[in-house]
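Structure record follows, encoded as structure tokens.
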Amino acid sequence: MLEITQLVAGYGNIKALKTVDISVPEGAIVSLIGANGAGKTTTMKSIMGLVQPGAGQITFQGQNITGLAVHKVVNLGISLVPEGRSILSQMTVLENLEMGAYQRKDNSIQSDLEKVFKRFPILEERKTQLGGTLSGGQQQMLAIGRALMARPKLLLLDEPSMGLAPLVVADIFKVIQEINAEGTTILLVEQNVRQAIKIAHYAYVMETGRIVLHGKSEDIANDPRVMEAYLGGRKVG
Amino acid sequence: MFLQQVVNGLTLGSTYAVIALGYTLIFGVLNIVNMAHGEIFMIGAFVGLMLVTKFNIGIIGALIGAMITGAALGYLLERVALRPLRRKEVSHLAPLLSTIGVSIFLESLALKVFGPQAQSFPTVYSGQLLDLGVFKISFIQIIILAISFGLMFALRFWLAKTKAGKSIRATAENIETAGLLGVDTRKVIVMTVMLASGLGAVAGVLVGLAFNAVEPTMGITMGFKGLAVLILGGLGNITGAMVGGLILGIAEVFSVAYGDSSYRDAVAFGLIMVLLFVRPQGLFGSSTPQGGR
Amino acid sequence: MILALEKVSKNFGGLAALSDVSFSIGKGEILGVIGPNGAGKTTLFNLITGVLSPSEGRIVYQDRAIVGLKPHKITEMGISRTFQNIRLFGQMTALENVMVGAHCRTKAGLWQGLWQTKAQQKEEKAIRGKARAMLELTGIGDEVNTFAGALSYGKQRRLEIARALASDPDLLLLDEPAAGMNESETEDLRLLIAKIQQLGKAVILIEHDMHLMMNVCERFVVLNFGRKIAEGSPVSIQENPAVIEAYLGKEDV
Amino acid sequence: GCGGNQSAAPASSAAGSAAKIGVVSYLTGGGAAYGEAIKQGLELARDEINAKGKVKIELLFEDSKGDKNEAINATNKLIHKDNVVGIIGPTLSGEMFAVGPIASQAGVPIMGTSTTAEGITDIGDYVFRNALPESLAIPHAVKKAKEKLGLKKVAVMYSNNNDWAVSGFKTFEQAIKDNGMETITVETFADKDTDFSAQLTKIAALKPDAIMVAGLYQEAALILKKAREIGITVPIVGNNGFNSPQLIKSGGNAAEGVVVASPWYPGKDDEKVKKFVAAYKAKYGKEPDQFAAQSYDALYIMAEALEKAGTTTDRKKLRDSLANVKDFPGVTGKFAFDAKRNPAMDVTILVVKGGQFTELK
Amino acid sequence: MDALLNPYYLQILMFVLINAMLGISIYLTLATGQLSLGNAGFMSVGAYTSALLTLKLGLPVYLAIPIGGFAACLMAAVIGVPATRLQGIYLAIATLGFGEVVRVIILNMKITNGALGLSGIPSLGVLIGKQLSALGYSQGFAGFSLQQISNLSVIVILAAILTFMVFFAVRLRNSRIGRAFASIKADEHAAEVSGVNTTYYKLLAFFLGAFVAGIAGGLAAHITFYIGPKDFSYHRAVEILLFAVFGGSNVVWGPLLGSVILTTLPELLRSAADYRAMIYGGILVVMMIFRPQGLISEETIRYWKSKLRASSAANEQSEPARRSAG
């Protein structure tokens, strides 16, 4: 569904991505893991068109989307839950969610809204509160809920569990699996490597702008290098 | 006399308000103060005037013509002086400078094309005074009042309730996030600048009608007042622009009527300063809620 | 005892973000504050550091009531913090960020800065060295001259800690420092906190990573809906049904 | 590189070469109609003088935009870069207060053609003017208005951010007192204002017999219109700024009945005047106003002084020769500088009738 | 040499120097991220105070000008405390309004002579000339005329003062206080919590800016013989802003260069007559398109520095994966 080939990108003269190849098959959950500064976020931003690639190609459902304007990428059915949340702080919770469905024209928006509220009841409670005054975790829920409102074909999640209470974290991973089961393909960046690998079908490991390892998630989980570098030597499970 | 002065104040104030609305709209989306707004307003006034005097087009046609010209100028402004600055990591002062550049350019262009003289609309259009006993009001004053209030309500509704309005607010707050939600931010920005400039040009015609004077420096004078209103009401706030405009108008008129006319401008700005010192975010502005997160 | 909160409440309009919260922390102690999202943890930090003032209650730091003092004053007295939503000086280098943190421990004025007096130069050299040390300590020693804004998320978190440490606090408040870090990075963080403790500093730690918390904290305060629902040792917290119900969940941690 | 390689060496020796006269004038901006009239008057005079061939004159125009700093720069450039022998201008008294000292210090004669405020020539020995000082004009106008229109209590308005209007206001006040009238209110406005309704509403409520206004034509025209619009019908007496045809053009009907004092009256039955008016009309397609007439005269005065001094470059000689100008027959009447380098001139009181300045009789 | 001694160029040079000081004054407040447009107002306070002190009390110029600077500071104290609560554009326009209020007050005061302004202010050049004459140099020396010498001395004095101001600004920037300024500019809230007394430093910056503007005002009064309220209007305030942004507001050199260019530009364009302002406006726009950060920026300086460093360190850096954590 999504093919990234030989992608190079960066900020000014800083090369954040040197060569990145990732393939996300339709219907799968693909996890991308790596240390701080490895370039995970940059990869996500390049897909969305927020960072202009220096070389390489990104195709989505066979269409070349390299360097396409952000809103057009969204229009094709890709949504990103950005790192650090990016809540519209001057808009209410409800408006934030409505903005999520900005490009949709169908009439099941209302029922999707209810679904989000059911998943995150606190959001319904705080419907009219300004986004900026939510607690950190509440904002994270809002960001995820908002992305769901777009009903994307491909959902990019950049550290969705960050800042969430343990109970909610467990929920989030469940939610991810649920929406995946409903047909949404998922590319997941997570520092909660254990969980991320557990729910993923495939995993990619990134180091300083390069993919150094990839494969079925079970294989990755048992790779000694991964265990050493990301799991503090302990096994997934 | 009191009522008459109130009417004078409201008229003056509503002209301030229509200008401030344009500033506010652009500030609302781009977080910049468009220093060329006053000059677009002035060009609008001249275009309206030319259409009426040189081409004998009626006043409605003149308003439409001014609006189209204003919108076109807005488009150019966005392309030339605003968009190039959005690409890079740019200080928030840069658009201030580039729009000042545009304003200087437009002012001297108008000077060249239209000459320095104040010109006025044929008296037919300024119309008769309606004598309502306690005060007199001209038709054009009524129109300006009506248009500014109408605009305020329309814009408020539009921004708060419509999808386009929400996309503007989202863009205003965070371009990147708005883009991620599928908003074509570039289009939204162009449209807003065009809308604000079109409105500004219409305001120019109305003010030219109301005060009988259209001249190349009117943009600066009125623009300066518009800026004052912009912060008096609270940046980016539509209601604020309206109320702020009226307050400034009334304050100026009353300082003449019941005080000393030579202190008029000091009273107006003194008032704004005092008000800001009490409420640093303006009358209707909101203070940012993210203190310690 | 270094800090004590006495019946502290904070309301936002109709919403009670904190109600009647009391607890204290001793010198050199590491206290964990946990609770569901929106429980009021960050608000607590905002109250302690003077960013917000409580609607009711007293906050006492080293025998002085600090409610109403300005944040910089409180920092000067020895409390410093990091932010949940990172707030660095993006256009300054990592080193400069940390040097700003040391601001309240230095005193060169206009005059000395102008003539670069001996004392001023000595002081500059000292804080430069200290800032480097802080960067080393937090594991980003090789980013000295990188702009803070160009660092990755995880490194920005460490830089925040380094900046907070630069003011020589006796009490350090960390708001979700491990967010965005993987397990081995979190492990580094654990070591870092341990080192900080060895320096004799008390730490209040907010974090949702229970693995880290249980390993690091000697004592916990648990908040839910702005109220303190439990307080005690890691073991007692882990077994407390109210805490399990509200926060931890049934699964093992 | 500040240009000027070619003009570097001033050919001071070449006898019979044109005398360079600098002009600092308000050519762009809100009061440019004055500057334009001045420029036209000067150009007409220059062409005539050069055609006669006794002295040749080259005019170097610099725009001051009505701004003091611009005027300073322009003056310095004319004096030091262009090496002019004398300067005509600037347009506004405020500008003269700024550049007069510079010219004086550099020893360059400078002559205002429109600077009517008090104290202009006190600046220094090199400062001249053929502009009729307001202290002469206004009292005449006030006196005549009182006599003809039977005024008792009047309201006064002036632009308080304009030096010359403030000075004009003071003269008005004195003249009102001297003529035994009462000032019932003083209202101010500012240059560039467009809304005068507050002041005029206030004045209307006080029911004065007349309003006396000191200001430039741009604001004056708007005041007239607004006053008539809200039903003030009493006569309005203006000062020097009102003398531009632009006032009638923009004021339209509202300008009817305006009274003003002027050293210039185009309808005067005089050969010289008729010739000038005809020539001006032929060249520019409109009647000359006071400012055109005075600048026209000014250049002739300069030319005569240059001729008498027998130099095209010696500034000191030009100054001394200027100071001795007497009985010069100009279009604004017989002209002479008094001891303080102010003009002694006749004054005509004009009233606007049928869209024309006509003599108030 | 002749051209250098030409009073026309010298006069422009004087304006350049004065404007450069104004550029520094706005830079000083901008260093804390405060956009204050009150400098024209502070300048007028300095100018009027100094002019009046010399005119009415006969105070010597070298005393009157610093007193003018302090008067501007006093003014800054009056509005500074409330003004430091204002953010961004609010501050900009409120201070612009402050300048307007000062102007109107000057316009209405007796002692300032209202719109007529003050003329006959003792000029620095003339004073120096007199001093020299008194010393017996009334014919000048070394082949220069008296006027040339006094003009040159004025330039030297202005340049010396400006140099000191620049020196001050540079040193300030590299000091602890400069860092505090920068942190406030970056994130005021985080700075406060990091232990920086933001109110104090914002006020300090405000004061310094006002002082420099006041001094510049005093000097301006004593080189132009005349001051009037119009000199300190809205236009002046905006012009000062242009200096800073055009040259780049992040380093002292920016406003300095900006004021030099923008003061000489209109003179260079004098021959373009009617199109002068159009060209000027156009240049501003084009400039911002190509260098939105201004001519000189902190980033440029650091960029070149790091570039130099990088090229020397390039060899060591070539091994991949050096920075991976884990």
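For reference, chains read A, B, C, D and E in written order, and residue numbers begin at 1 within each chain.
The rule is simple: a residue touches a chain if its C-beta (ideal position, glycine included) is under 8 Å from a C-beta of that chain, and two chains touch if they have at least 3 such contacts.
Values in this document were obtained by computation on a predicted structure and should not be read as measured data.
Participant: Tell me, please, which chain's centre (mean of its C-alpha atoms) is farthest from the centre of subunit A?
Facilitator: Of all chains, D has its centre farthest from that of subunit A.
Participant: Which chains touch each other through the most C-beta pairs?
Facilitator: That would be the chain pair B-E.
Participant: If you average the CA atoms of subunit D and of subunit E, how many Å lie between those two points?
Facilitator: 36
Participant: Rounded to the nearest whole Å, what is the centre-to-centre distance of subunit A and subunit B, using the mean of the C-alpha atoms as each centre?
Facilitator: For subunit A versus subunit B, the centre distance works out to 42 Å.
Participant: Just give me the whole-number Å value for how far the CA centre of subunit B lies from that of subunit E.
Facilitator: Once rounded, the distance between the two centres reads 31 Å.
Participant: CA centre of subunit A versus CA centre of subunit E: separation in Å?
Facilitator: Inter-chain centre distance comes to 50 Å.
Participant: If I count partner chains per residue in subunit D, which residues reach a count of at least 2?
Facilitator: Expected reply: 28, 160.
Participant: Would you pick out the residues of subunit B that each touch at least 2 other chains?
Facilitator: Only 108, 111, 262, 264-265, 290-293 qualify.
Participant: Note the residues in subunit C that touch 2 or more other chains, in rising order.
Facilitator: Each of 42, 49, 51, 83-85, 154, 184-185 in subunit C touches at least two other chains.
Participant: Which residues, counting only subunit B, touch subunit A once they are in their complex?
Facilitator: The contact residues of subunit B facing subunit A are 163, 166-167, 169-170, 172-174, 176-186, 286, 288-290, 293.
Participant: With touch defined as at the start, can you tell me which subunit C residues reach subunit E in the complex?
Facilitator: Touch list, subunit C to subunit E: 49, 51, 70-73, 75-76, 80-81, 83, 87-92, 96-97, 99-101, 103-106, 108-110, 112-116, 120, 123-124, 127, 142, 145, 154, 163-164, 167, 184-185.
Participant: In the complex formed with subunit A, which residues of subunit C make contact?
Facilitator: 12, 35-39, 41-42, 84-86, 150-155, 176, 179-185, 187, 208, 210, 247-249, 251, 253
Participant: Could you list, by residue number, the parts of subunit B that touch subunit D in their complex?
Facilitator: Going by the criterion above, the answer is residues 1, 4-5, 8-9, 11-12, 108, 111, 115-120, 123, 126, 129, 136, 138, 207, 211-213, 215, 217-218, 221, 252-254, 256-257, 260-262, 264-265.
Participant: Residue numbers of subunit A touching subunit C in their complex, please.
Facilitator: Residues 11, 14, 33, 35-38, 41, 83-85, 122, 133-138, 140-141, 159, 162-170, 191-194, 229-232, 234.
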